[in-house]
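Lettered A, B, C and D in written order, each chain numbered from 1.
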Amino acid sequence: MLMRYKAVRKFTRRLCRPLALEDYVVQSMADVSPTKWHLAHTSWFYERFILQEFVPGYEPVNEAYYFLFNSYYNGAGPQHCRPSRGLISRPTVEQVYDYRRSINRRMGELLLNADDATLDQIAPRLTLGLHHEQQHQELLLTDIKHVFSSSPLLPAYHAFDDEPAGNGPGDVDEPGWVGFDAGVYEVGVPADDESFHFDNETPRHKRYVAAFELADRPVTNGDYLAFIEDGGYRRAELWLSLGWSTLQADDWQMPLYWFRDGAQGGAWMQFTLAGAKPLVLDEPVCHVSYFEADAYARWAGARLPDEAEWELACRDQPMQGNFADSAAGVGRIHPLPLSVAIDGEVGRVRRCFGDVWEWTRSSYSAYPGYRPWPGTLGEYNGKFMCNQYVLRGGSCGSSQSHVRATYRNFFAPEARWQFTGLRLARDA
Amino acid sequence: MLMRYKAVRKFTRRLCRPLALEDYVVQSMADVSPTKWHLAHTSWFYERFILQEFVPGYEPVNEAYYFLFNSYYNGAGPQHCRPSRGLISRPTVEQVYDYRRSINRRMGELLLNADDATLDQIAPRLTLGLHHEQQHQELLLTDIKHVFSSSPLLPAYHAFDDEPAGNGPGDVDEPGWVGFDAGVYEVGVPADDESFHFDNETPRHKRYVAAFELADRPVTNGDYLAFIEDGGYRRAELWLSLGWSTLQADDWQMPLYWFRDGAQGGAWMQFTLAGAKPLVLDEPVCHVSYFEADAYARWAGARLPDEAEWELACRDQPMQGNFADSAAGVGRIHPLPLSVAIDGEVGRVRRCFGDVWEWTRSSYSAYPGYRPWPGTLGEYNGKFMCNQYVLRGGSCGSSQSHVRATYRNFFAPEARWQFTGLRLARDA
Amino acid sequence: MLMRYKAVRKFTRRLCRPLALEDYVVQSMADVSPTKWHLAHTSWFYERFILQEFVPGYEPVNEAYYFLFNSYYNGAGPQHCRPSRGLISRPTVEQVYDYRRSINRRMGELLLNADDATLDQIAPRLTLGLHHEQQHQELLLTDIKHVFSSSPLLPAYHAFDDEPAGNGPGDVDEPGWVGFDAGVYEVGVPADDESFHFDNETPRHKRYVAAFELADRPVTNGDYLAFIEDGGYRRAELWLSLGWSTLQADDWQMPLYWFRDGAQGGAWMQFTLAGAKPLVLDEPVCHVSYFEADAYARWAGARLPDEAEWELACRDQPMQGNFADSAAGVGRIHPLPLSVAIDGEVGRVRRCFGDVWEWTRSSYSAYPGYRPWPGTLGEYNGKFMCNQYVLRGGSCGSSQSHVRATYRNFFAPEARWQFTGLRLARDA
Amino acid sequence: MLMRYKAVRKFTRRLCRPLALEDYVVQSMADVSPTKWHLAHTSWFYERFILQEFVPGYEPVNEAYYFLFNSYYNGAGPQHCRPSRGLISRPTVEQVYDYRRSINRRMGELLLNADDATLDQIAPRLTLGLHHEQQHQELLLTDIKHVFSSSPLLPAYHAFDDEPAGNGPGDVDEPGWVGFDAGVYEVGVPADDESFHFDNETPRHKRYVAAFELADRPVTNGDYLAFIEDGGYRRAELWLSLGWSTLQADDWQMPLYWFRDGAQGGAWMQFTLAGAKPLVLDEPVCHVSYFEADAYARWAGARLPDEAEWELACRDQPMQGNFADSAAGVGRIHPLPLSVAIDGEVGRVRRCFGDVWEWTRSSYSAYPGYRPWPGTLGEYNGKFMCNQYVLRGGSCGSSQSHVRATYRNFFAPEARWQFTGLRLARDA
């Protein structure tokens, strides 16, 4: 248990290695948190939910941190105003690392000295804490990408070892369609499954699913470019009403991080964690909102899958893909072109894990019979079940060990700064 | 067909009868439209979707009205900015009535002179236009109620003929629970049903529904008061995250239109279309948002039904209830106390039709296989399927002839100015 | 005294004669008040500051009106939120006229029955109330103009009897310059002047004024058009920093109410109280902000006068000009072309009274030794001496009997909906 | 000239010495700039206005810096959005110091190699650049104070060497009044004065000044506390209208940085650059807005001086006081208690230089005959002459060599984060 703890904690530090100290401080929009906040908050989680509960007479490392680094747990007390996380310079990065070290030391002591009965109580919370930290590892990456995109210098987080060339249109075949029969299916995590999962993935329950087909690959940049060139961002009839008003208010003309080099008619580029790069056509399209995903699907004569369809179609696929921990090996945190093979890639539904989170058309809501975890940790998932949409499959920013077929990620329909793409579905 | 047209149009005029001319002009918030806008827009609907399509060489009554009175149909051209509907004094109310009369005359001519083939084409659009007008009749009432609530004079729209007395707590028994078995059910409107329905009620489709129980009556003011007195508006753990931030931002402490007479501790009052009235405890609670309905249900150890559950439970109930057209007879557009009997009221699930729209926990989304109507009228429902929640059953502001068990009303989760209440459900 | 009261009150009613009832209700922006609010507030002023003070045991006409129709007198109690004046339909226009009639009756009784000593006390307040009402008469006109401009129908308040033709560029000669010597001058109202004036015009005090020249006529539409055509709205160097950011935020490209007929390159038009009209080049330019006046002056190689310069130059001019009460005779409330002669027009500084308020470069501030009126009426002028600029000379919307050479009008530098223009000055 | 350049540049670095790297990055409100921005912008000023003009074929250090570090000079090209200065992490602090070093090297080369004629041209711009940098030294201090105040840790910039004790009320005598005769005076900088001054201090011109009295010391914390305790922040009649609405909107109850220790009734504290400290009663009050200064003066039965009065009264005082460069010696950048003597402190008007900028009631406007500097540098002062008020005398954050009696500082009336206080005046 301690080894796993150390490994996850170490990976967080490893993700920070390319950063300059200044990069840790900035909050480029309300949804983004500064890196140093992520570092502190993930430590706070262990302190608040494990050390304080299991160490008798526990004294917090710093009383002020309880306020500063609580994200949204009302049950754990008041919180610093979220959009103001970037307005404070202190504690410094070094002080935050000190905080991490203090927590690590105390956690080490607790885990080494606790009796078995206590360890049994700690274990689920520790596992949760590690998955929580893995979620923030991904947020750290998407957030720093947004921070970097805010500077005209367009700095790079890391270099891509392996630089795929841009492809001309037509390099990727039309997607194939994989069919599924109608029927009553069970989805969600079975009650006897002891591997880690969030409360929102339970209980396993029956759904009637009509016959449907799912595309055998995600939508690519090349596909999406055809939508843009067909006037996709100028045709109100393709969009949800809220999407159209968002597009107009924020002047959307392409996915986040896309731009054209030079004036009218320049080459299509995208900002990546390796800086500005030419757009690669057979990469899964990324950084699109639910609104854009939905409009693209309508334009393509298809629709987004619902989350049950996605789960049914993908749960037998091998957990292979382009993940942050695998990616770290190949040196890029970015969707991989479809033309690049991934070891162990088999099955009918390519690339459903890793690369990009795939928007579903399912509003994020409680499964029938859902019960949030008891106590303050019940705030983890349940209270966000409103005005958000479910995404599935993990991304190039997720750790492989963090993703499951039943995993329900969720974001507001206008969110674009995550590694979010889509896969088409249609009625059979 | 013409008779039905005349009847609906006349009922709109009848609803306006208590209004002073000034009341027609005001828009008290962005969601509210001025009465004169409703009068004009409902006429525009016939002009734009029937007269312009079926009268060769049709000349609009006033070119500017095409812009001013188009609500949100991008396919029908640009629109006046919605929140600015109350910023214009012209056209005057008289000019808007002239417009209505012009449209009535032209519609009369068209319907009298058209051949049968054309009439067959017109019929579905006309029926739609009438249901559209009925929707706006209800909005007209909820909007004028909001306008009136904005004046410290708290003016009355009409007097209640029949004034029920306030009841002490405990006058209403705890709700009973009606059970339903698990199974695969069909919901939505069958393909062969020729009676009017919106596109969003189709297609009829199968759903697996787990066993559940539904309360046999709506939540009352007395029930809801107990929630308030138990600190319901101060306990974050009862609320969705978005609900809690809305409550804090807008300083919610009770349903819209409730207030206390005098300083701390005065009698509970509510603003109604008959002016300020003492709170009647056995009336269905009204003017609560989805957030409040959800928090109440959590506090009560229950939940909101989903829309399929509601439809299954209520579709066999008789279409009886307290509606705007029946209400007009009894002289009140306001929920009726449960202690007052309604003619023909039978069945296990009391008061599911009329009184208050009942929030379900279902996000408003497309039924499997849903296809919007073709053309511009496809904008009627489909493009709003995002960040809204479904309500069922009609209200004291709806016309009885407008409501069906399959009817899907929808509003944003923070909306409170509609006649919205709730009924509890729970897992069996 | 009563006759004067009746005359002013009657003129208010006369100004309302062209209005439809709906026009009384609308507030088209926060700075604008609905006509019915003006009608009620001017009556409230007599009620609150005369009737309540001088009638023993006075009972207000309607307690709620004390709140609704108090503008900004904190000493007189709390106030209805200013930007919400247009959100209420009640009291109706008829009820407001009833209120006016009640006040008139009570004022009549008071004035007829009071003894001489009381009348002496009432007199200055009554005179103030009448000048207050005259101020609101002008606001009523500028506000209804703004309301009308908000409707695409561009309705007319009245027809111009006498329609001057548009003139070609060059029809007006360059302005002549009238010189004034340096010296110590006295400005403001002398202590022994018993005619009406506001507190802010006192005390008379000495100013050292350097030698200067003042243009012998106001800037015209033709002059201003040359500024526009020379890129005036695109050249940052001509503008104050706040002006430039306002221009960009609100996309200013020309004075308020100017527009071009049809697409790029159409004829220059302006919206007037007689509806849309071709731009007349030798009219004094109107509806420009301080920012625009200042930028124009800089472009023209001149500057705005300061208020002492203006007063020195104009105080010996005859009080002749194009005013609302004279205008009513000639049938237009609009600046008059310079080519049209005004009876009695003499002197070196043409058209300094009437037509348009002339922006000075003087920030609105207290004269040395200034003391606000005692009590609540001290809030009338003094508390606004911040971030506003002084205008002089009255306009086509002012009554002739209301204007003096020492009169200090003031508005925020971004305000454009008043009848505001300018006259150039330069150092000698 | 080079020595002076080096001294000013070195003092900037010295001011940064107490900062952690993270402190350089944060922008805690739109008016505040990050320290690293100040460091870069002051360098940009030399690059843009000296190196680029006087070095043939000059290549900028980094093209992007021209955009990022231009503050508001439209004549020098477009600018990065001011409120976004804290949203970028790159260039890093080290890169900004590299930039400074590059500019220093290039400036050194230019100054060493230029011929005398060129040096004569450079000299005034260099002097301007140094005074510009001194202005930003003060802003750097006020901005970092605001940044530090945003963290609940309330970090200290430096320790005060010399810690004065809090004084009880009454320790400071009532101010004495120094009288001045009426007359025509000359103010501003004479044409033949070759020492440095800004364009806005010219031309010297005549003013008629009525007899007045000026307090012989600034208002203290003790004085101001009496105002608070007398309900100063709850009495609308003491405030300008804009001030009152600002007070209500931002919930002002005391000067910026004041707070009470613990709940209701705790000790009065203030946040300083040495962290949280007990309020010292005989210190000049600091961090009050124009609105607060004006309200205090009204409460005290006095008024603010106008800027001519201030200049007349103080121009013969010795340039002694508590400045940032002297303060650095005594170890505190904070107003000094009146009970502490300052070397060389003589004269009738104590402490008019240093400690706190003193609000005058003069709106910031052009002196008669004012001409902005030619070219882009004309944007330095002139374009801000709107909706700001003049402050005089320098502060504990200013360098002594930067301050003059004729110096006109200016800020918006709601600004509180500068070292701003007041001194009373009254009519004789």
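We take it that a residue touches a chain if its C-beta (ideal position, glycine included) is under 8 Å from a C-beta of that chain, and two chains touch if they have at least 3 such contacts.
Only a predicted model underlies this, so the values are computations on that prediction, with no experimental measurement involved.
Think of each touching pair as a link: the shortest run of links from chain B to chain D has 2 of them.
The most distant chain from chain A, with centres taken as the mean of CA atoms, is C. A separation of 46 Å divides the Cα centre of chain B from that of chain C. Note on chain placement: the centre of chain A and the centre of chain B lie 38 Å apart, centres being C-alpha means. Per-chain CA centroids place chain A at a distance of 59 Å from chain C. Shown for chain D are the residues that touch two or more other chains, of which there are none. Listed in rising order, the residues of chain D touching chain C in the complex are 72, 74-75, 184, 205-208, 210, 236-237, 239-244, 290-291, 303, 361-363, 365-366, 368-369, 378-379, 383-387, 413, 427. Of all the residues in chain B, the ones that touch chain C in their complex are 20-29, 36, 64, 67-68, 80, 84, 86-94, 147-148, 150-153, 155.
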